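Next come the structures, one after another.
Common to both upcoming complexes is chain A, partnered first by chain B, then by chain C.
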Partner chain A sequence: MSFLEQNLHHITETLQNTLYVEHITKLPGLIQHLDPRTRIICFCLLLMSVNLSKNIVFILSVYVFLLLLAYASQIPLKFFIMRVWMFLPFFTGIIALPAIFNVFTPGNALLTLINLPNYHLYISITQNGVFSAAYLLTRVATSVSSAILLVLTTDWIQLLKSLERLHVPKMFIIVSLITYRYIFVLLKTTNNMLLSRKSRMIGKPQNQTHRWWIGGTLGTLFNKTQTLSEDVYKAMRSRGYANQIIILSDFHYQFVDYVAIGVTFTLIVMLYFIWN
Partner chain B sequence: MPTKILFELKNVSFTYQLTHALDNISFTISEGEKLVLLGANGSGKSTLLKILDGLVFPTQGIVQAFGHTINSDYFSKEKQEYDFRKRVGYIFQDSDVQLFSPTVWDEVTFAPLQLGLSQELVTKQAESALKIMEITHLKNRIPFQLSGGEKKKVAIACVLSYKPTVWLFDEPTSGLDPRSQSRLIDFIFEVNAQKNTVITATHDLFILTEIANRVIVLSEDHQIVADDTPQEILADTKLLTKHNLIHAHIHKHLNQEHEHIHTHTSDHTHLSIK
Partner chain C sequence: MHIPDGYLSPATSVTLYSMCVPFMAKASKETKRKLNDKTVPLISLFSALSFVIMMFNVPLPGGTTGHAVGATITAIVLGPWIAMLSLTVALVIQALFFGDGGILALGANVFNMVIVMTLSGYFIYQILDRWSKTLVKRKVIFSAVAGYISINLAALCTAVELGIQPLLFHNNLGQSLYFPYGLNVSIPSMLIGHLTIAGFAEALVTGLILSWIYKTNPGIMTSNMNSVEKNYPIVKWGLIALGVLVILSPLGLLAPGTAWGEWGRIELEKLGLGYIPQGFDKWSNFWKAPLSQYNLPQSGNPTIGYMFSGFIGVFMTILVLSGTFWIMRRLSKNNILKVSKKPGKST
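And now, the complex of A and B:
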C-alpha cells in the first residue's frame, strides 16, 4: 500500500472508529442509562481501588466485574477485550518482562535459562518475578479496561461536560471540546488534500518528492488551522464570548445514579475484605 | 418621520498587513433597511461586514453604531460590548467556522448564555429558534455530521436564538442547493418584515431584488462605486461589467454564434442577464 493510500486508510479508519464508538454510547445498556457524572465517579472509585490494592485476586475480581458491566452495557466482549489486550503486551509487557528474571526479582527459580558457575552467570525465571509481572499486567489491564469502558459508554462531549460539572476548570473543558469539534474538520481537509494529490499523481514518486510534499502539506495544514482558529475566535466574539464561558446545565441525577455509586462502593469494600 | 441611522462609516479604510481591503468608505445604514454589499471576490465585502460586527476595527476612519463610536476602547467595557452583541447577529460564509460547539443544541444556546439570559429563557428561545428553522430533530447531532444546508440552518438558528435587530449575512446562498437558497431568501424577507435591518454581502445578482431595497457596489479597488436601488444597479450593465459582476462571452446556440452577458451563480452555472 502506498504512502497516500495508507494515510487515506488511517483517516477513514479513525472516522469509522469514532462513528462505531458513538453508536455504542447510544445503545440502551446499563451504564448508558446512568448520568455521565455517576459514570465518572464510579470509574474513579474502581481506578483508585485497583491501584491501591496489593492483592492480585482483588484486581482480577474487579476485572471480571468490568467484563460483566461491559456485557450489560451491550458492548461486544471480544471488541472490549481486544481493545485492551491488543496493545498491552507491547507497552506494559516490555516494561514487565525484565521483572520475571532473578537479576531483578530474586526468588525460587521456576525455569533456569543460563547456568554457568565458572563464569558466575546464572539467569532464571523466578516465581516472585512472574508474580510481580502478572501483578503489574493485571493492574494496568484493569485500569485501562475501566477507562475504555467509560469512553465506550460516554461520548466525549458528555464526558467533558460532566468533568466541568465536577469542577474541572472550564477553560480546559472548552479547549478540549473545540479541539474535538475541529479534529474532524481538519481530518476532512487532510483527506481532501491527499485525494487531490492522488488524483494528480502518475507513476511512483521518489522518496525525496514524498518528503517535499509532506512538508508542504503540513505547512498548508498549519496555515489553515491558524486561519480557522482566528475565524472561530471571531465567531465566538460575535456571539458574546468575552473570555468567560457559560455552559447550560443539562444533567440531572436520578435515583438509579445514587444506587450505582452505592453498589460500586459496597462491592469494592466487600471484595477488599474478602481477598485481604 | 425620518428613519433612525444605525451605522455611520466615515472614511473607513482597512489594511491587512500590506494589502488593502477597504479604501476610504463612507455611508450610513438606517433602521429597517435591506442593504446588499455587492462586489466581486476580494472587493472587501466580508471585511466590511466584520467591521460592522465590531470584530475588526478600521485602520483609518470612524465607525459609529447605535450612536457610539465602535473601537477597542468602547468594547473594553464589557457591558457596552454585550449591548452591541445583543443587537447585531452575523452569519458567517463558512458555517464550519460558526459552528464551533460540540452539538447543535450547545451551538444554539451559546450566544444567549454568554449574553446573560437566564437558563429558562435560553432553553425557551433556543427551542423556538430550532422550531422556526425546522431543525428540532438535529438538536443532539454533531455539526460535523450535517449537510451544507443543515449547517446553514443551524448557523441561522444560533443567531435567531438571541433575536438581534441587525442581521449580517456573508454570502448566504453560497454552496446551497436551489431549494435551500429559496428558503433562505424567504427567511431574509421575513426577518426584514419584522422591522429588522438586514445587510447581506454577495456577488449573486439573481437574489438582489428579493433581498435588497438598496445596493452598494464595491469595486476591485475596494471603494464604493455605486449606491442605488437594486433595479437601477441591475439595469446598469456597464457598471456590472466594469466591476467584474457580469461578463460577456461568445458561444453557440443551435450552431449560431452570438454574444451574451452573463453572471455566474455560486456553482458557476452560466445564466443569461440580457
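And now, the complex of A and C:
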C-alpha cells in the first residue's frame, strides 16, 4: 500500500470509528443511564485501584467486572474485547514477552529451554519473569478496557461538560470542544487533498516525491489552519464572544448515581480484602 | 512514544503530572498575554492540526514509514508556549477519546512529548539559527536537526521514566509490578528506534513544513507570534525546575534500595558479591565525605539529615555552576548566554 492509501485508509477508519462509537453512546444501557459525572468518578476509582494493586487476581477480577458492565450497557462484547486484544499483543505483548526469560528477569526456572554449560549458554523461563510480564499485560489490558468503557458510553460533549462540573478549568473545556470539532474538519480537508492527488496519479511515484507531497500537504494544512483560526475568531466575535465562557449543563445526581458510586467503592474494597 | 496506563507506577505518574504544572501555568500566562481573546480559537485550531500531524504516516528513506510528533515545527512557527498548549490539548484528546496513551500516564506523555520537545526544539533551533544568515535553505536544515535532536531527547526521557520502574517498584519476590526492564534495556531500545526511524520522521516533517511555509506564507514567520519575551529568563526557569525537583526529592525516601551502581561496601556484601575488589577498600577510605550517607553526624533523625544534605547539595551545585558560567563569561566575548537575550529574530 502506498503512503497515500495508507493515510487515506487511516483517516477514513478514524472517522468511521468515531461514528460507530457515537452510535453506541446513545444505546439505552446501564452505564448510559448514570450521570456522566458518576461515570467519571467510578472510572477513576477503578483505574486507580488497578494501578495501585499488587495482586494479579485483583486486577483480573476488575477486568471481569468491566466485562459485566459492558454487557449490561449493551456494548457488543466481541467489539469491546477485540478493541483491546487486537492491538495489545502487538504492542505490550511484544514488550512483555522477553521479560519471561532469565536473561532479563533472573529467578526460579519453570522451564529450561537451552542448557549448554560448555558454552555458558543457559536460557529458561523464570517464575519471576512470567509474573512480571503478567503484571504488565493484565494491568495495561484492564486500564485500557476501563478507559474504552468510559468512552464507549459517554460522548465527547457529555464528558467535557461533566469535567467542567468537576471543576476542570473552563478555558480547557472550551478549547477541547472546538478542537474536537475542527479535528474532523481538518481530517476531511486532508482526506480531500490526498484523494484529489490520488485521482490524478498515473504510475508509481518515487519515495522522494511522496516526501515532497507530505511537506506540501502538511504545509498547506498549516496555512489553512492559520486562516481558519482567524475566521473562527471573527465568527466568535461577531456572535458576541468577549473572552468569557459560559457552559450550560443540565446534569443532576439521582439516587441511582449514589448507588453506583457506593457499589463500585465497596466492590473494590471487598476484592482487595478477598485477594490479600 | 505514547506511554499507556499500566507501564508507570501511580507515584511516577503523579510526580510527572506535578512537573508539568509550572510549565503549563507559564504557557497559559504567556499565551494570554500574546493572543488575548484570540487564545481560544487559535489554540483550538492548532491543537486540531497537531492531532492531524501526529496521525500522518511519513515515508522514510529505505521504505519504512514512521510517525512524527510535530512538536518542533509547531514550536518554531508559533513559539514554545503556544505550541505547548496546543500539543497538550491534542494529547489529552488522543488519550481520552482515541485511547492513544494512558490517562494516568498523561502527565508523563505531556512532559516527554510536549514540554521537552517544544522547549528543546525551539531553543536548539534558535541557537543554530544564528548561523543561518537569513538563508532559507540553512534554516530548513537547522530546523530538521532541531527536530531530530528534540524527539530523541523526548525518547530518552521516556526511557528513563520507564527504566526506573523495576528499580523502585517490585514486590518482595522480586517480580516487577510495572514496566519490567531496567535502564540498561529501556534506554538502548527506545533510542535505537528513535535514532533510526522516528527521528528522521520528525526531522523530515519539520524541515519540509518549514520550507513550504517559507515558500508560500513567510508572513507567519515574521508575525512575531514565535518570539519569546526579551531577556528570556532561561536561568530563572532552570532554577524553578530545580526547585520542583528539590521539593519532590523526599520521594527518594520512599524508594527502597540504593541507586544502581552507587553501592557502599556493606551493600555490596548484601548484594551477594562473594569478594570485595581490593581497590575498593583502598579507595573508599580515601575521601571521607562530611555528610556521608546523606546524614548529619549529630542529628539522630535520618529524614531531616537527608533533606538537609539535599539542600546543601543543590546549593553547592548552583555555586559551582554559577562560578563556571562566570568564568566562561569572562573568558569569551561571544558567550553562549547571549543567545537567550535576542531570540525571536525570525527572518
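To be clear about the criterion, the second predicted complex is superposed on the first by the 262 of 276 C-alpha atoms of A that agree within 3 Å, B and C clash if a C-alpha of one lies under 4 Å from a C-alpha of the other, contacts with A are read in each partner's own complex, and residues count from 1 in each chain.
Throughout what follows, a residue touches a chain if its C-beta (ideal position, glycine included) is under 8 Å from a C-beta of that chain, and two chains touch if they have at least 3 such contacts.
What you are looking at is a predicted structure, and each value in this text was computed from that prediction instead of being measured.
Undergrad: Quick one: chain B and chain C on chain A, clash or fit?
TA: They fit side by side.
Undergrad: Have a look at where A:Leu228 lands relative to chain B and chain C in the superposition and call it first, second, both or neither.
TA: Both: A:Leu228 reaches chain B and chain C.
Undergrad: Is A:Ile148 touching the first partner chain B, the second partner chain C, both, or neither of them?
TA: The answer is second: A:Ile148 touches chain C but not chain B.
Undergrad: Check whether chain B or chain C contacts more residues of chain A in the superposed model.
TA: C
Undergrad: Check the residue A:Thr92 against both partner chains and state whether it touches chain B (first), chain C (second), both, or neither.
TA: second
Undergrad: Which of the two partners, first being chain B and second being chain C, lies in contact with A:Ile157: first, second, both, or neither?
TA: In the superposition, A:Ile157 contacts chain B only.
Undergrad: What is the value, to the nearest 10 degrees, of the angle subtended at the Cα centroid of chain A by the Cα centroids of chain B and chain C?
TA: 90
Undergrad: In the superposed arrangement, does A:Ile178 touch chain B (first), chain C (second), both or neither?
TA: It touches chain B and chain C both.
Undergrad: Return first, second, both or neither, reflecting whether A:Leu67 touches chain B, chain C, both chains, or no partner chain.
TA: neither
Undergrad: Once the shared chain is lined up, is A:Arg239 touching chain B (first), chain C (second), both, or neither of them?
TA: After superposing on A, A:Arg239 lies in contact with chain B but is clear of chain C.
Undergrad: Using only C-alpha atoms, work out how near chain B sits to chain C after the chain A superposition, in angstrom.
TA: Once the two complexes are overlaid, chain B and chain C approach no closer than 9 Å between C-alpha atoms.
Undergrad: Touching chain B and also chain C: which chain A residues?
TA: 156, 178, 180, 182, 185, 228, 232, 236-237, 241-242, 245
Undergrad: Please name which positions on chain C make contact with chain A in the complex.
TA: It is residues 4-7, 9-10, 13, 28, 36-49, 51-53, 55-59, 61, 63, 65, 77, 85, 89-90, 92-93, 95-99, 102-104, 166, 171, 173-181, 185, 204-205, 207-209, 211-213, 215-217, 220 of chain C that touch chain A.
Undergrad: Which of the residues in chain A come into contact with chain B in the complex?
TA: Answer in residue numbers: 156-157, 160, 177-178, 180-182, 184-185, 188, 228, 231-232, 234-242, 245-250.
Undergrad: For the complex, which residues does chain A have touching chain C?
TA: On the chain A side, the touching residues are 3, 6-7, 10-11, 14, 47-48, 50-52, 54, 91-92, 96, 99, 104-105, 107, 128-129, 131-133, 135-136, 139-144, 147-148, 151, 156, 159, 171-172, 174-176, 178-180, 182-183, 185-187, 190, 207, 210-212, 214-216, 218-223, 225-226, 228-230, 232-233, 236-237, 241-243, 245.
Undergrad: Which of the residues in chain B end up touching chain A in this complex?
TA: It is residues 50, 53, 55-56, 78, 81-82, 85-86, 88-90, 92, 94, 96-103, 105-106, 109-111, 113-115, 119, 122-123, 142-144, 158-159, 162 of chain B that touch chain A.
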